[in-house]
């Protein structure tokens, strides 16, 4: 017998058709009505304020390391701005004198879901600005939608260089206030060759998804430029979130590489380090973590000393000392009991960039509220200072940020019982980012043509 | 006597009314809502295919395979081959789904119950894996699908959205009418006959395997069409279309709406979109729980899906009087 | 040669893990005919309970060797606190309904439990690595292996043996076998299946949680660990033959070995090798490798 | 002499080494009405299963109107004009009698591949009522078959089989599960309809009274072999038959309860 399907009824000629029609129409009307109702009310409801919708992962595996720290960072900054309590040069209340209303949304569900939600943020929530998105897939899918719906959209994190290089080559409404992955990989390669000039063999282990594949490709290309003839002993691509790396670790061990590169993050990174440690994988070889910073406090006692840590920009421990940075760290820590990591910094930097542009645009109009086009004009090619230092929108018609980068080595201070970063090297923004109009991968293959390093 | 057994068929009326309502509504409702409906209709196509299989007693966990194939066909044709006409893309997507459906169907039509489900799951996950390993197609991130043309006409922005919506509505309407006819034909009835008693069908002289193969291919084509429309509506395709969660969602939609009538899967798809959009809005931290709870309530209190509400009003017995 | 040894050893470790994670699923399916998606929740909950309990345990400086007792305790707690109410309070209302309906009911339960877990533990990762590192390493062919991993092989073997013995050599086990073979007939002969269902479900839940608790020391426990395990476990038990303990063992071995081999030889295939194996096995043997004999119903 | 309708030549079938049908040869002519008797496990149903293609014999041959049908599938054999009924009526329990018969008729008319032509069209429904009337079950047309009395289910089962105008009908215990009082009524209706159709009928029956009354010819099975074949009176008087098959007319052992092993 075949499986029975639970639904049975007379169905072809339904004498209750009118009732059905009534029910369906009723259900439709009810849901329509419900959907058209105003959404969740905005925090800090106020007349004449600026509505910012934030989107990042609030559920799923990326929520812990990225999504929630970003949310918390946004909350810290927005609250401080609304109180006018933020350090200079952001002392003015709100944005251009207007209060910030804000809401946070989950980035779950993939591009399909996110496109639907994005349209609601624009058309139902009437957001003035949308700041968000961690996943490159979401960023790529949303770019054309944002251009179509003519809404200022600021990507604070997603790392794929291709967004403005291939997908949205002529951006108008879309900005990215965080540098893309090219910067991380170029700086990491330079750092590696700097501290281990004799590195001859290299192995990579990256999650089998776009960002993992792209990171490894860029890093390897950069290493091949800086250290011609470098040998790759293994390039492992375990499934995202697989959590079991026994066989991969065996492969890495048998190759005996000088250095092991990984773009792992979150639970996968932690599991890999725990399992690699237990099997002496890191004894006598350098571990390079291109996105290791969010894990460094939580995993403090597990990360081998000398591990090269990258924070995807000069964020967190790498952030240069400033009043703004000290305040950000202090307020964040007192609110959440942990230190802000790079997602918190990146979202803070996005908010402050928007604030600066709004205020510059308002200044040009002698204080009148600027429209979106005016804000965009003010934001493009602009410069401002975030808690991690200066940011400049220099690529992709002034829509893509570049920033100086900083990389260092992990060291656990047993006396103080907390981790620290030593041997920090800083790289000028134009040293590790491609010049305008050049695709990242072409830039690497050209031998970093046009790089301005000190 | 025979005349008494033949009742008036209201489904075409309902479908036409729904079409008119949707088209008229598209002028009034905000665009995000129209978009939600469009997604629901596109998904509804895939769910209608699933309904065909479920009525024959087969539950597929792998309709995402054809949904994804449809989406990727549209994307590849648009981005790499320069084919952008909506109707050409639909035909292409349907053709690819049909060919792959036929090949898989030849093997899969022998399977029943959980083994059918698991084999369909395996197939879709293999495609998922292949796409993730393909960097040219954007790996997990997928790639964007260029805006389609309509017989040489290339609208932009709001007008494009509206046109695509109209095309989607009309296509779904035509497919639903056709499918409704199909369900009332000998082959349609034989689906239930197979579910109820395969042996008897064989002993009447019909080939169960051939009948199921046709249904499987039809379901594949419907999912493929849904995938094309989704790809064009979202403007982006990614391997998640083939992930098992997508197929699971189709199943949820089928259960939510019911499988008694062609309109039921569409209703299920629509309600799920709305519930999810709602849950994400009002409970961004607990939307999974909201979705799960909704699912439980429906399964517990409306085992026949939302469509059965109509029956409950009338009372249980709808057996035609003679 | 070394590669072959390494593949076999890596494969064995992974197979053992797979078996421990999947065996509860096959048991529940065998007796209750439920494809239990919530198995992923049991796994995740087992991992969370273990990680937080072990963290607490080591923070208090209690005798380290005794920490392994927490693992079965965590499984027991999850089985009783989550498995029991789930079966009594929800699933039993759906017995006799279609298999697909039950899949969706357990899927819904999984979604609810997923957010409930998040409410209790938050989104931050938990880890408790001490039990993993405490046992040290052992060199095999010059390659260090974690003794904890090697112990998994023993645990899986022992678990398989105990289950086999329990099912085939004890009175209750034989009763269970009868129910697996033909539920209606067993009921007709006066077997009260209700307590059998409950006990099996709780046992299956404990096994799922045991898998999570055993895994917790070598991973960091984050939201979403459960979802990753479900489909994998399905693939294993379907490959082996749904409802058979021996089948689960065989399925785990085949899948584990295939995965270890491709990780060493063609890393990017790892992503779908599990499903490829399942598709090939099902194409050749439609019921999986070890389908338990079913009573003829025609 | 014309060719026989059905010819079974030295059929053998064993299950796990146990012979169920052991060297059976027999022929059925056009328009014959043949009864088969035998104790449980004598091989009667196995014989029917082999003829209709559900089981393949270990050796031997089945010929139908001169052609070899031994290796054909049940579906192909049905198409050739051999149909059967089952000990337990094989219906579509969740559909109405009308739908059951409509489906049967559509398949018989080879329109099962029709996509868009409504099944419930006037002329076909008329035809179905005609068919149902022939078996006097038209009053049940709107009922789901799951809820019908046994006798009606049995008649519907056979009516559906008859919709293809077969040449040979094999009935596997048409009266099992039907109360004693209704048995004669059922057989009357049944055989009237079948004989009228011009088909040959072969029926398995335990009730000797029924066999004696309806069969023109009788075949007795025992332990997989034919032990007697001929006029009913002669076969029933055969001492071997009396010993093995047991049960003089009216005194047959209690008919087995309607188990679900119709094809076992």
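Observations, loosely collected:
Note that the chains take the letters A, B, C and D in the order they are written out, and that residue 1 is the start of every chain.
In this text, contacts are C-beta pairs under 8 Å (C-beta built on N, C-alpha and C of every residue); 3 or more make two chains touch, one makes a residue touch a chain.
Predicted, not measured: the structure shown is a model, and the values here were computed from it.
By C-beta pair count, the most extensively touching chains are A-B.
Taking the mean of each chain's C-alpha atoms, the chain closest to the overall C-alpha centroid is B.
Distances between chain centres, each the mean of the C-alpha atoms, put D farthest from chain C. Between the Cα centres of chain B and chain D there is a gap of 43 Å. In terms of their C-alpha centroids, the spacing between chain A and chain B amounts to 34 Å. One finds 50 Å separating the Cα centroids of chain C and chain D.
Averaged C-alpha coordinates give centres for chain A and chain D that are 73 Å from one another. Contact of a single residue of chain D with at least two other chains is seen at positions 94, 120, 263. In chain A, the residues that reach two or more other chains under the touch definition are 1, 3-6, 8, 12-13, 58-59, 208.
Looking at chain B, residues 6, 54, 59, 113-114, 132-133, 184, 197, 199, 255, 285, 287-288, 303, 319-320 sit in touch with two or more other chains. Residues 35, 90, 93-94, 97, 99-101, 103-105, 107-112, 114-116, 118-119, 231, 234-235, 238, 242, 268-269, 271-272, 274-276, 278-279, 282-283, 286-288, 298 of chain C touch chain B in their complex. Within the complex, the chain C residues that touch chain A are 2-3, 6-7, 9-11, 13-14, 17, 97-101, 115, 118, 122-125, 127, 129, 132-133, 137, 143-146, 148-149, 215, 217-225, 228, 259-260, 263-264, 267-268, 270-271, 297. Across the complex, chain B meets chain C through its residues 54, 59, 107, 110-111, 113-115, 117-119, 121-123, 125-126, 128-130, 132-133, 199, 244, 248, 251-252, 255, 285-289, 291-293, 295-296, 299-300, 303.
Within the complex, the chain B residues that touch chain A are 6-11, 13-14, 17-18, 21, 29-33, 35-36, 39, 54-59, 112-114, 132-133, 135, 138-144, 157, 183-184, 194-195, 197-198, 230, 234-236, 238, 240-241, 255, 258-261, 263, 267, 270-271, 273-274, 276-278, 280-282, 284-285, 287-288, 303-311, 313-314, 318-320.
Within the complex, the chain A residues that touch chain C are 1, 3-6, 58-61, 63-65, 67-68, 208, 234-239, 241-244, 246-248, 250-251, 253-254, 266-267, 270-271, 274-275, 277-280, 298-299, 302.
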